[in-house]
Structure formats: C-alpha cells, structure tokens
C-alpha cells in the first residue's frame, strides 16, 4: 500500500537525526567534536534557543537564572510531582512532566510577561522615566497588573532580585533593562501609592533581556530550571512517601458538604 | 469551618519555601550567597539529586551527558512537542511537558536500566569477565535484551559512546564501570555471535555510575537534557508551522480502511 | 513531629471520599443506590458538572455532542497519543493524557468560545439580528475571528452541524441559541462578503447552551469525548506500530538545513 | 523543497479524517446517520474499542463501571487537577490531563491486572477451585499481591463490589468471570488466613471480562470515567480556590529539615 506523496516543504535548523550517520550536527556545530566535553549544559541551552554560542557573561547570567528557580520547597509543582511519583513510580518522566504543567501565567509565566514589557519599553525609544510614567498610567486606568511585581512573602524587597542584580553587575552586563525595570518599580510605587517590589521572575525577565535571550523562550528557562527541583522531589517521594498522608490531610480539611 | 488536624510526620530535605523569609536554603546551602552566581546549573542538578556539591570531574561528566542528549532532530519527543506547541502556543510548558512524556523505557529509559545492571555487577564482587559471562548466559537463556546495547543506525560503534568515554578518560574518572560495560559488550558479542554496540544511553548509564549519580535519578538526566532541545522545537514550530503539513502527510499515509 | 495546624475553610460539593465508609455520595445522590446501574455515564457527566440530573432531552443532546467528537482519524491528538503509546506502552493513561493536551484554542477550544459569545448575545436582550449586526461589525473592525466558524474541508456547510441541529430539533430543544447562531452565520456572510460555515464545534457550543451546560465546562465535553477515540488509537498503535514509520517519514520530510 | 517519499504501509481502522469529505466513517459506521443522535457515548466507547456495537446488556455493565469510578472526592487525581487548574485556568484540558496521569498501577490500573488474571484462569480450562488453589499458592510463594483485592477503608466487603455484581446479575450476564473471581476471593482467604475483599477495581476487571472488553483497554475505562469527576474538580477549583490554602497547609506540614 506504500505510495509516494508530497512532503511538507519544511526544514529544521536545530539538529540532525541519528540516521544521518555521516554527521551529527546541532545548530551548525559538530556535536561530538565541538560540544560534548567542551561546553556546559547551560551553554547548550543558550545555543539551542538562539543558535549562537553565549559569551561568558551570558552564561553567568543564564546560570544564575536557572539556579535561582530550581526549587522553593513544597510548591504546587512539587506537590503535583510527588502525587504522580507515588502512583507512577517507575516512569519518573511522567511525574516530572506533570509538575511542569503548573508553570502557567500565575507563577513563573510572569518572566516572559515582564521581559516582553521591557522590550516594548526599549523599543519605544522614549526616556525610561517617560515610558514608565505612561505605561503605569495606562495599566492603572485599565486595572492591569504588572507581571513580575509583588510577592506574598517578600516586602519591601525580594532578596532574590537583589542578589540577581548583584550577579549581573559583577558580570558587567550593560544594564539598560535593569535600569528600566527599576525605573518602572519606582514609578509603580509613585503612582500607586504603595511599594510593589520587583520579584524574582520580573528580575529574571530583565536579565534574560540583557543577555538577548528571546522573550518567546523565557518561560522555558523556568521549565528547564524546575526540572532539577522536581527530580529531587520525585526521588524524595519514593524514599519518604508523603503523597498518601498529604492526600488524607487534604481530604479531611476539605469535607464533602452538599448543602446549598 | 477551620479546625485543627493532625499533620503527616514528614519533612523535606530539599529546600525551604519562600514563606520562610528568614532563610532561603537548598540542600543545606544558602541559596543566594552560596549558589546563585556561584555555581552552574549542572552543579545545581547534581546538588539537587545527591545533596552534595560535585567535584570538577563530576561536573565535566554530567555536562557531557546532558549535552549529548539535548537533541536528535525530529524524534518522537520533538514531534509531540511540535504538535502540542501548534495547538497550545501560549503555554510553552505544556508542549515541553508533552514531549517529555515520550522518554519511556523504549528510548532514554535504558540509561537507568544499564546503570542498574552495572551496579549489580560491581556489587557482585566477581571479576568482570566472570560476571559478564554469567549475566550474558542468563539473559540469553531468558531471551532478555540488554538495556543500552544496539542501535538502528550506528554499527559497529555508536560514535557518541566513543566520544563520551574519551571525555571520561580526559576527566580522569576511575573507570571501573566503563571497564565493566566494555567487558559486557565483548561478552555479548562472543556469546551472541554478533556485535551489539554499546549505545549512547548505555555509555551514559556507565558514566553516571562513575560519578555516583543514583540509578533512580538517571532517567531524570535525559528529561533535563531533552528540555533544551524541546524548547528549541517549540520555538521553531511557532516560526515555521510544521504541525499541520505533518498531520496532513501522515493522514494521507495512513488511510482509513475498515476491511478485515 | 506531628503537630496541629489550621486547615483551609473549604469544602467540596462533588463527592465523598472512600474513607467516609458510612455514605458514598456524589452530588447529593447515593452513588450505589441512585446512580450505579441506574444512570448512563452521559447522565453522570451532566450531574458531575451541573449538580442536577438531566432531562431525557438534555441527555440526547449531550450524547450527540460526545459521540460526534470522538474521533476524526489521524488528527494531531491521535498522532500524539500514538507516539507516546509507542514509548510508554504499559501505561495507557499517559498516552491518552498526552493526546488530550492538544485540545487547545485552535481546535476544540472553540466550543466554549462560541458558547460564551452566544450567552453574551442572549444576555444582551437585543433582537438577534441587531445583536449579530453589532457583533460582526465589532469583530470586523478589530479583525477578530469568530470561534466555531469556518473549516478547511467543509464548504458551504459542515455536515456535522446539519446533523447536530437535526438531532436538536428531533429532541425538541427550544432553539433560541440555535436560531441566534444561525443569524450570526448569515450576518457574517452578509458583512464579510463570503460564507464562513458554522462548524461542528460552533454547533456544539450552541447546543450545550441549549441544555444549560455551563460555558466553563464546555471544553471538557471535547476532552471526555476524545478519550474514547484516543483509547482506540493507543490500542491500534500497539497492534500496528505506526509511530516509528511515521517518525521516519517526518524525519525525511523535514531535513536539517542550517543555511540562513 | 517538496519531494516525493515513501509512506509507511499502514492503515487505520478507527475513523476517517475530516478531509475525506465524501464519507464520515467511524469503525465502519456512517458517523452522522448511524451514530450521532442514535447511540449513547457509552455505546460509542464500546464501538471505539472493540469495533462492534454492544448489546443492551453490555451497555448496562459498561455504564455501571464508568459511573462508579467517576469520583471519590479529594483523591490524588482530583488534587493534581485542582493544583494545575489554579495555575493554568484557561485550558481545562491541561488540568484534566494532569490528573489522569495518576491513574497508574497503584490505583485504577489494577482493573486490567485483575482482568488479565481472570482471562488466564478461564484460558487454563481448569475447574475454578483448582485454578484458584494453584494461583494463590503460586502468589503466596512468590509474595505477589493480587490486583483488585484489599482496600484501606472497606472491610469485610467493598460495597461497590456488591452493587456492581448485583447490577450484573440484573443484567443477566453469564457470570463465569464473576464466579471465578469470587472463588479466588475465597481461596485467598482460605490460604492466607484472613479476608482480603475483592475491591471495586477487581470487580470491574471481572465485569469487563464478562462483556468481552479487551484487557488492554481496561485501564482506559478508568481514564474515561475519571474525566467526568476531574472536570467537576477543575470547575469547583475555579469557584472555590482550594489550591493555595492546600499548598500552604502542606508546606507547613512538611517542614524543611536538613539534619541527617
């Protein structure tokens, strides 16, 4: 029943398949001779996304962003991974993937939201103060929230933001996105009448802009980073078995009550 | 309706939640002062899984393993990510997680299978040749396949295996697992009558044993590694739109035919 | 280490846990005596979502919607399920769940989009013609697409829409949402200058409005429906093994080409 | 760049794609004229899996199985769906799919385990008592657990099993699998010295055997069934917001403690 048919006129610029036995290429590099044993995984992530090898400065920033988001204890993502790890213990990729599904707009998706906003600010060509004044007025009028600002636990500053900006300064990044986001933070406080600290995801959005990491890929940094923490939670679940006591505790805490 | 209830007598050794505002710890380290800006993400992965900081040698090996598996072009995992990225474009974590679900026993799950086998070999205390002779005889008798051996495209050697072992030698790893897996490869050929080359996942299983990375976490290395490639595929899908032509091509290639 | 702690003041109105051994309730009904052996699964779906038992008319409509979306051959959802079923064969829930992740805004998510639009139309209190004229003008001005209209294969009508509306008429539904969506279809053609047929998802959106199925749950109908088709694809994959030939075909059709 | 290529010599027996505009077939039936408006979704599930239309008796049994597993309150699956629904609220298919990932061997996967065992028993051709005596002795010797037996909350009987068997009797199923599983239950008690009641998943495994539903598809019944409950939990989560209080409660209950 095999017949010939037209193939889609498409190509990929990412990598060669293993069946292409005469060359093993990834983003134009010889995988075995130029990459394996030569570059770090973080350099590989940058290369995968941008098609270019990063500078040491870019690596330093990307590593800091990947390290800071690895884990925050028993988060919703960790909880989901633990519950699935308990029921599908042999396939750790399933529990890790399930936990990653929680990285939505509410939590780490704000990285890209903040990054996109800052790109818009730089693209406007306006002085930082003027752009910030305009955008804050616009958001106030339309009652929109700024992605990457505010945190339930950290006030008046998010200590992770402080540290990330310190790393950026040490690395010598140019800093125009960092300056812009700080201007925005001040303007939000000025117009809003109360401080709303730039949180870690907002800071990461600014830093990823600094290293020319595309906005469309920014949430992916959270995904990659969190895999490390979720792997640890899946393993700990297999050792300590928290899923069942957690379920029982929640079951009792949320009783069935059908009264209207 | 709030009442008090008994909590599970459990604890976590991974990290503190953000609500623990006076300390931000990960595996006993001060996250902001000891980790962010100080360690690479690869070091973070090792720390997350083992609770210990890796030696430079261990980092070199883990980086090589993470880099070699990032991508192999249009694999089933990349295909799944592309199809989901086309339908859920705004939430890149969903398409990445979907692609990760393919990392089962058939493909990269063999890393842990090979690692577990080698650990058993070392634990046996037997000379490598004797253990290999016994285990190959046992597998032949029970018609089981050796995880991490054989490849549809690479023969007589998997070039990735060659390169990974070269990196290991340069890094100066002790090599007892590498020697054991090579002995096993020879013995499989001797008893089986034909060569079945150690593939990249088998080599990674051996190398992760060398750096004391636990078997239970080995498949997680494939998960973390592949996130980099899948992020690139999700982004490329948004630029080039391959999902629809792929679906149409497959639709035509697999016609409906209800005849018995 | 067990201590007491405050529980969230929350409750669930869905069902009792199995540990509540003296009663097994679901939505206020005695599960074993009022539901099992007494109602169909479709009635159960309606009860689960709305908390009420459906009328025979509502069941007829919901069944028609669930049946029509079960399968459309080798769709992206079926393709994803087949690729995952090949790599994780023992856990059929993983391949089914992976396939369900494709039910995004692009495909079946338009059910709820259309349903929400029609609810807005009815809530406006305006005559159908006037509301349709206004909303079409608004969408034209803002270049938005109407969810549930247009189809790459079906023109000038989607035969599924025709059949679904026939079933609704036979069942004797009141028809105000059906009339509204038909008015909208005419108005889109009138103002747009070309016919854009109401497709099956748009028709389902209208019918689910007719039976008072909440808009927030409408996409769930597609999820439930498609599980039946995806189960069949997962099983067929295990018998016929299409994943590997598909991957090879796509691999060849999308070559690696790094030229700018 | 389009070229011709060889397609895999494969076909599907499930359904036609929408691009096949002259016929819309599903399992050999005319979808619009023979299925939509004519059959229930439960009949559709049976048809999808087996390729045959079920008898009224088979429908009654399949409906009872689908209804009994829809929900059990705050289970791990419901918990996962709630956590994901909170973070990805707009895409209900993501939270439903995440919850389905928990249907592993530990919980509902035992349906197929029990079904496979009973098929083996019938295939043996031995009298029920003799087969049960042999298999229980074998499992005792190898310390294996019988899938579908025992329950943390229900003793000495699982009331769901009682009701399901009552439904089966009313429906007039032949009962050879039911008799076999009851014989097995007695033998487990006799040889083990204590009662281990046949639970709902075991009973469902037996009933699905009775209606000739293939073992490979049995876990899929749990997947389909649970989608109804998970849809309800995703919706309730959006109304009541339990994810955050649950996370906080668990966070406090499982403190970070790095002491060895």
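Letters A, B, C and D name the chains as they come in the text, with residue numbers starting at 1 for each one.
Basically, contacts are C-beta pairs under 8 Å (C-beta built on N, C-alpha and C of every residue); 3 or more make two chains touch, one makes a residue touch a chain.
Worth saying up front: this structure is predicted, and the values here are computed from it rather than measured.
Could you tell me which chain lies farthest from chain A when each chain's centre is the average position of its Cα atoms?
Result for max centroid distance from chain A is chain D.
Tell me which of B-C and A-C has more C-beta pairs in contact.
B-C
In whole angstrom, how far does the Cα centroid of chain B sit from the Cα centroid of chain C?
36
Between chain C and chain D, what distance separates the C-alpha centroids? Give it in angstrom.
Averaging C-alpha atoms per chain gives centres 22 Å apart.
Using mean CA coordinates as chain centres, what's the chain A-chain C distance in Å?
Inter-chain centre distance comes to 31 Å.
What parts of chain B, by residue number, touch at least two of the other chains?
1, 5-17, 19-20, 73-75, 88, 91, 94, 97-98, 101, 103-105, 242, 246, 248-249, 251-256
Mind pulling up the chain C residues that touch chain B in the complex?
Going through chain C, the ones touching chain B are 1-11, 73-76, 79-80, 83-84, 86-89, 94-95, 97-98, 101-107, 242-243, 246-247, 249-251, 253-254, 256.
Touching residues of chain C toward chain A in the complex: what are they?
7-8, 10-17, 19-20, 25, 27-28, 88, 91, 94, 248, 251-258
Flag every residue of chain A that touches chain B in the complex, lowest number first.
That would be residues 1, 5-21, 24, 26, 31-33, 35-37, 39-42, 44-45, 48-49, 60, 62-64, 66-68, 70-75, 78, 91-94, 96-98, 100-101, 103-105, 109, 151-154, 159-160, 163-164, 166-167, 170, 214, 216-217, 219-220, 222-225, 227-229, 231-236, 238, 240, 242, 245-246, 248-249, 252-253, 255 of chain A.
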